[in-house]
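Order as written gives the chain letters A, B, C, D, E and F; numbering starts at 1 within each chain.
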Amino acid sequence: MRTNRLREIWRSGGAVVNGWLAIASAFSAETMAHQGWDSLTLDLQHGVIDYADAVNMLAAISTTATVPLVRVPWLDPGMLMKVLDAGAYGVICPLVNTRADAERLVAATSYPPRGGRSYGPIRALLYAGADYGSQADAEIVRFAMIETREALDNLDDILATPGLDAVYIGPADLSLALGCTPRFDQDEAPVVAAIDHILSRARAHGVVAGIHNGSADYALRMVAKGFQFVTVGSDARFMAAGARAAVDRMKAQGGAAAGTGY
Amino acid sequence: MRTNRLREIWRSGGAVVNGWLAIASAFSAETMAHQGWDSLTLDLQHGVIDYADAVNMLAAISTTATVPLVRVPWLDPGMLMKVLDAGAYGVICPLVNTRADAERLVAATSYPPRGGRSYGPIRALLYAGADYGSQADAEIVRFAMIETREALDNLDDILATPGLDAVYIGPADLSLALGCTPRFDQDEAPVVAAIDHILSRARAHGVVAGIHNGSADYALRMVAKGFQFVTVGSDARFMAAGARAAVDRMKAQGGAAAGTGY
Amino acid sequence: MRTNRLREIWRSGGAVVNGWLAIASAFSAETMAHQGWDSLTLDLQHGVIDYADAVNMLAAISTTATVPLVRVPWLDPGMLMKVLDAGAYGVICPLVNTRADAERLVAATSYPPRGGRSYGPIRALLYAGADYGSQADAEIVRFAMIETREALDNLDDILATPGLDAVYIGPADLSLALGCTPRFDQDEAPVVAAIDHILSRARAHGVVAGIHNGSADYALRMVAKGFQFVTVGSDARFMAAGARAAVDRMKAQGGAAAGTGY
Amino acid sequence: MRTNRLREIWRSGGAVVNGWLAIASAFSAETMAHQGWDSLTLDLQHGVIDYADAVNMLAAISTTATVPLVRVPWLDPGMLMKVLDAGAYGVICPLVNTRADAERLVAATSYPPRGGRSYGPIRALLYAGADYGSQADAEIVRFAMIETREALDNLDDILATPGLDAVYIGPADLSLALGCTPRFDQDEAPVVAAIDHILSRARAHGVVAGIHNGSADYALRMVAKGFQFVTVGSDARFMAAGARAAVDRMKAQGGAAAGTGY
Amino acid sequence: MRTNRLREIWRSGGAVVNGWLAIASAFSAETMAHQGWDSLTLDLQHGVIDYADAVNMLAAISTTATVPLVRVPWLDPGMLMKVLDAGAYGVICPLVNTRADAERLVAATSYPPRGGRSYGPIRALLYAGADYGSQADAEIVRFAMIETREALDNLDDILATPGLDAVYIGPADLSLALGCTPRFDQDEAPVVAAIDHILSRARAHGVVAGIHNGSADYALRMVAKGFQFVTVGSDARFMAAGARAAVDRMKAQGGAAAGTGY
Amino acid sequence: MRTNRLREIWRSGGAVVNGWLAIASAFSAETMAHQGWDSLTLDLQHGVIDYADAVNMLAAISTTATVPLVRVPWLDPGMLMKVLDAGAYGVICPLVNTRADAERLVAATSYPPRGGRSYGPIRALLYAGADYGSQADAEIVRFAMIETREALDNLDDILATPGLDAVYIGPADLSLALGCTPRFDQDEAPVVAAIDHILSRARAHGVVAGIHNGSADYALRMVAKGFQFVTVGSDARFMAAGARAAVDRMKAQGGAAAGTGY
């Protein structure tokens, strides 16, 4: 089976630099896959992507060595299994709030006897190789998102779940849970404290900690803290930011029309 | 009929700041349309977009005041008519090399008696209003691309074509035509000379001159020269550049894994 | 945040005239949005529409002032959140049979602390504006469908659910639940009695009542009764009815071939 | 090979009642195919349909006995061949203005030695049967659209083209060509005269005459005149008309909100 | 309502020869439907097919007399109802492990009072006929997959579920459940014993037994045992096997390049 | 630039074993790309594939070392350029009947000064590498199809066209052109003679000869004759043949129902 480079990086003590895809386009995904990311995550939760798009995007990413991951919309075993069958090498599951949630995540992504994943890795066999069936449980990675008060309350129970490889922090949701403003790159004290707490407990349990970031600067600070999986920006955000900057510069110069555009 | 803001800007002596779309996604197009561009051009020639995508993207852009344009793959009257019927407020036609080419472009985009466009503006009626049929000839804009030696040789003939509103320079193709390196933001002398020559002749004929640029800086220089339609970057380029910068910063710091990504 | 016109109409005591979309086409949706409906509902339950279609259709409707709503296939929090993120300004949820169902509906469509909706309104930010996060809970509307015996038994409990804005009657399912023929525009006594009962209890609880109708005549009668949200027909039904009438007239005249067509 | 029912109707002296499809949806097409039309035409010219949609729509129509036709965007041999390969049983070609145009139409739709159609009827074999290759030339039908002054000038030459089965009048384009208002169901004298002239000459040449109509009433008058192929309305028009009528009735009654909808 | 041929075959004591679809293509499905299968199953679980594809594929199969079935990804009532509304004449549900699972399957696929299926058979009405609502419960077929230890433990309870028509064995999952290698056409003793046991108990309960096979030889053995529904191969497997055989023959001969291909 | 393996095989005197894709599916294409073909050709002429599908399919093939080729629908420079921009490493052009046709093929696929290809290799840059612009003319391959009497008459002129790399024989069309039955693996004397003649003249001109075959046996005979590019079967044909064989075996045994399937 093709090795999961995320596990290699983690074993070496390094941090994975993860990109994020919200646009439903194989070409866009392939372009992103050529920018040097260790992994790319297709966001089927808040991104504008569904399963059919995901299949084509996973193939497009597979033209490079970038590791393909998927964030599913919900803890739905049917969808978890479908994206793994399609060749995702890891899944990020939102709103894992209890030990039972975490166990269902592991069960849906592991073959018997460990779990209840149904066998039929139709595209994964092409991407990973013929021994996928016997190796997948050990190679693919499972992230549980910690982003609610309930999850914080159950943190150690969740982290102790056998087979759970990593936790992932969505700072916007975590902020809302703590009565703060939903945004990335948080510096509000309750959120920072929660982030540090999650990281600390994760490390204590031998679980990788990951976090979503809006900027490379913040992500580097997170790596310095000990996060081993950091997302920076997204396809749509890079695009919008670049476009906005160009328009602003054009309009500011006055050389162009004083058009408001919209 | 909804007014074509490009014509307003041009009448006021201003320059249109145009964005460029190569990704086949209505969501991506709608996101770009919210960044303040005066117009957005769907590139059906070199972009990864076809007609079916274009219809959804034109609708997405129509949620804003940004003017929707289309570059067609080729001087194909069938496609020119289809994108206008779908609500494009202007077309950019590649490889207009002769007066006959320019006349065919105008004919395909104008109703009788001026031209031979067939009547059936199925989505344009929704976007533009019920009087589209009688006003469209005067509102939509037609760009001929000048990008070959043959076009340079026939420049005045092309520019004198009745009904041709604008010319558009593709610097990469123009560079190749002149034995230079295909790229944007050219400073090789033969290309600069050709750009200036096209601009000068266009202004002499009362035809708007437009050009494709890789950066706002170069575009501003072009506006200063007298170009009244300047494209800056593209969805895919902004996305890739932002992603590359983020990855480079992450990898350079050494805080992240020394992963090569691909 | 862009105001939700449904709430304005309701506050003024008026009734919303809602159109229905079963065909998976952004062009079709945009055409419908130009016919004067107060709102249009994308039917992801019984219509032939899925999430990917819905995103393009929501953008197409957003070219007009018609309010975009979505009926989801099922009380699935993942899908409820996805269609809201895509810009739906209200959701209709089938088969809300218990107070717990209603509470899950509200929770999935409200941000913490009120509910557990995850933050990431990717297209909603474009449509609604930058303050969507703080205003959405109060602007979007939540309809629970009352269409089973169990729901009738639990009616007051459901109606008393905090955050539930409206109930919606599916006459076909309600008819089946009551042992009657599944159809719209019912006049069978048990169904009429149930409709009146639901309306009466909804008004007592200060909850808006809505109903699906096959004809404007019946819908007007429902408005006269006090319903403040009435659906009339659907894209596919208008199309089929118009086509059938045209064919019947052609065939009846004998002027055309006695073809049976199929 | 499955018989082309259009030829049967014509041989019996009857008129074909044709429906029109502008919406790119197989479900919509299948719904229309159940309304009793003798044939249905996918409009790839002014409709919002492209080739990929057309393949699925042709299959959907093939669930009924309704004969599937395609109007191509342009006299493009590549597209003419592709839609025939996909199982269209006839093609309507816009803007056939000269004898040479008509000959190219026949050539692109006929196998050698009669024409130059390339062999590869990939879906047509499924729909028509294994002997398609030897029978198709005689079964499929070819319509040339007569809609310009040039076409009127060359009418007899066009009509005399061997292998041309029918002509089709697009009243909107014909109106524009004659300096009249582009619309269906014309009663302006120059257009009526041209329609009668085309019909008369077609009958003299033994060529079937067809015309696009906005209403069954007008279509019946055309059948009475001798037209043997009459289109009535379209999917999008039936849908919009039904929706508009329902909204108007709701709003007129005052029972509903005085909402303007958009 | 159009008769469900599966029930006819079963009543006559025969076995249904079922084909399997994993490729998301209406053309591919239509091609398969012309090869003589009694039924074809769209695999939305392990196949690369989603709901939107399924609608077009069901229409394509409906051009023939082959009975369309769908395997859903999961015991999700929303999806079960959607595929039935789209015209599936039977559903195969994975991972039915308990009596409660089986009851939920029957409930989601049966109208009240028998179950809780919501009424809105939008495409099924076209395919099946106008009396679908009253006949569907009796015509469509429901398969529960028996593929886990838990299901084996609950076998008799599951088989005794009123309204359950058939069970279906996925040999790969069953093998994993029993500690064997996941594959079709099993001859490992524990799997063979389980298969025989399921068949025997199904027959005792008057429930049809079905099984997935990799080859016609194995399928024939299963028919001889008493299975009345046998799947043989799949679109993707036939394609890959034929391609592999052709390449191997070309490469083996040495006449072609010693290319490794990949 | 990534090397074009076809040129390597040809330089070594070997023959390329080419697979054929008619099904519009990236998953199907990726599956085929794993069967060992030297190259795979997307058939946009007679296959059910359009440009948008092709982009995703080219990405899917790019996950392997199989070389991606495209047969375009027609000698349309716009489409030739689009598929090269999308990363095709060679094009097969139908119906090249004259020297002028061949020259237009070469011109549309070569950058200035050799030809008139427009610069914008949007996906090709990802697949091939950053130096695509300067190397593409020499790496990509251009096949002209010889399949009409006119082409046979002009054979030497066509073969002498500078920049034409190969000719490709479509036996079905060639058969029709010669008054024979359209099929692959021809043994009718006039077709065999024409095949031999084309091969002989191609070799005399130093042009590679290729041919479409229905079976490996026939393809091996062609390789033995001197053809250096042989297509064997297609995705749809392998699938249908495998399915038909399985069904026939099931039905022949009588163990299964005597169902006719359709």
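What we mean here is this: contacts are C-beta pairs under 8 Å (C-beta built on N, C-alpha and C of every residue); 3 or more make two chains touch, one makes a residue touch a chain.
Keep in mind that this is a model prediction, so the values were computed, not measured.
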Query raised in the report: Listed by label, which chains are in contact with subunit A and with subunit B?
Result: C, F
Query raised in the report: If you tally the C-beta contacts, which comes out ahead, D-F or C-D?
Result: C-D
Query raised in the report: Using each chain's Cα centroid, which is most distant from the centroid of subunit B?
Result: E
Query - Interface sides of subunit A and subunit F: same vs different residues, half threshold - result: same
Query - Per Cα centroids, the chain farthest from subunit D - result: A
Report task. Return the distance between the CA-based centres of subunit E and subunit F, expressed in whole Å. Result -> 36
Requested in this report: For subunit B and subunit F, let me know how many angstrom lie between their CA-based centres, rounded off.
Outcome: 34
Query raised in the report: subunit A to subunit D: how many Å between their CA centres?
Result: 51
Query raised in the report: Where the CA atoms of subunit B average out and where those of subunit C average out, how many Å apart are those spots?
Result: 40
Query - Shared-contact residues (touching 2 or more other chains) in subunit B - result: 22, 24, 27, 31, 34, 48, 50, 52, 55, 76, 79, 122-123, 236
Query - Chain contact topology (line, ring, star, complete or other) - result: other
Requested in this report: Would you please name all pairs of chains that touch?
Outcome: A-B, A-C, A-E, A-F, B-C, B-D, B-F, C-D, C-E, D-E, D-F, E-F
Report task. Could you please specify the touching residues of subunit F with respect to subunit D in the complex? Result -> 22, 24, 45-48, 50, 52-53, 72-74, 76, 79, 94-95, 147-149, 170, 172-173, 176-177, 179, 182, 236
Query raised in the report: subunit A touches which residues of subunit C in the complex?
Result: 50-52, 55, 76-79, 81-82, 85-86, 111-113, 116, 118-123, 133
Query raised in the report: Which residues, counting only subunit A, touch subunit F once they are in their complex?
Result: 26-27, 30-31, 34, 55-56, 59-60, 62-63, 122-123, 126-127
**Report entry** Contact footprint of subunit B on subunit A as seen in their complex
**Finding:** 5, 9, 12, 14-17, 19, 22-25, 27-28, 31-38, 48, 64-66, 215-217, 219-220, 223-224, 230, 232-233, 235-251, 253, 255-262
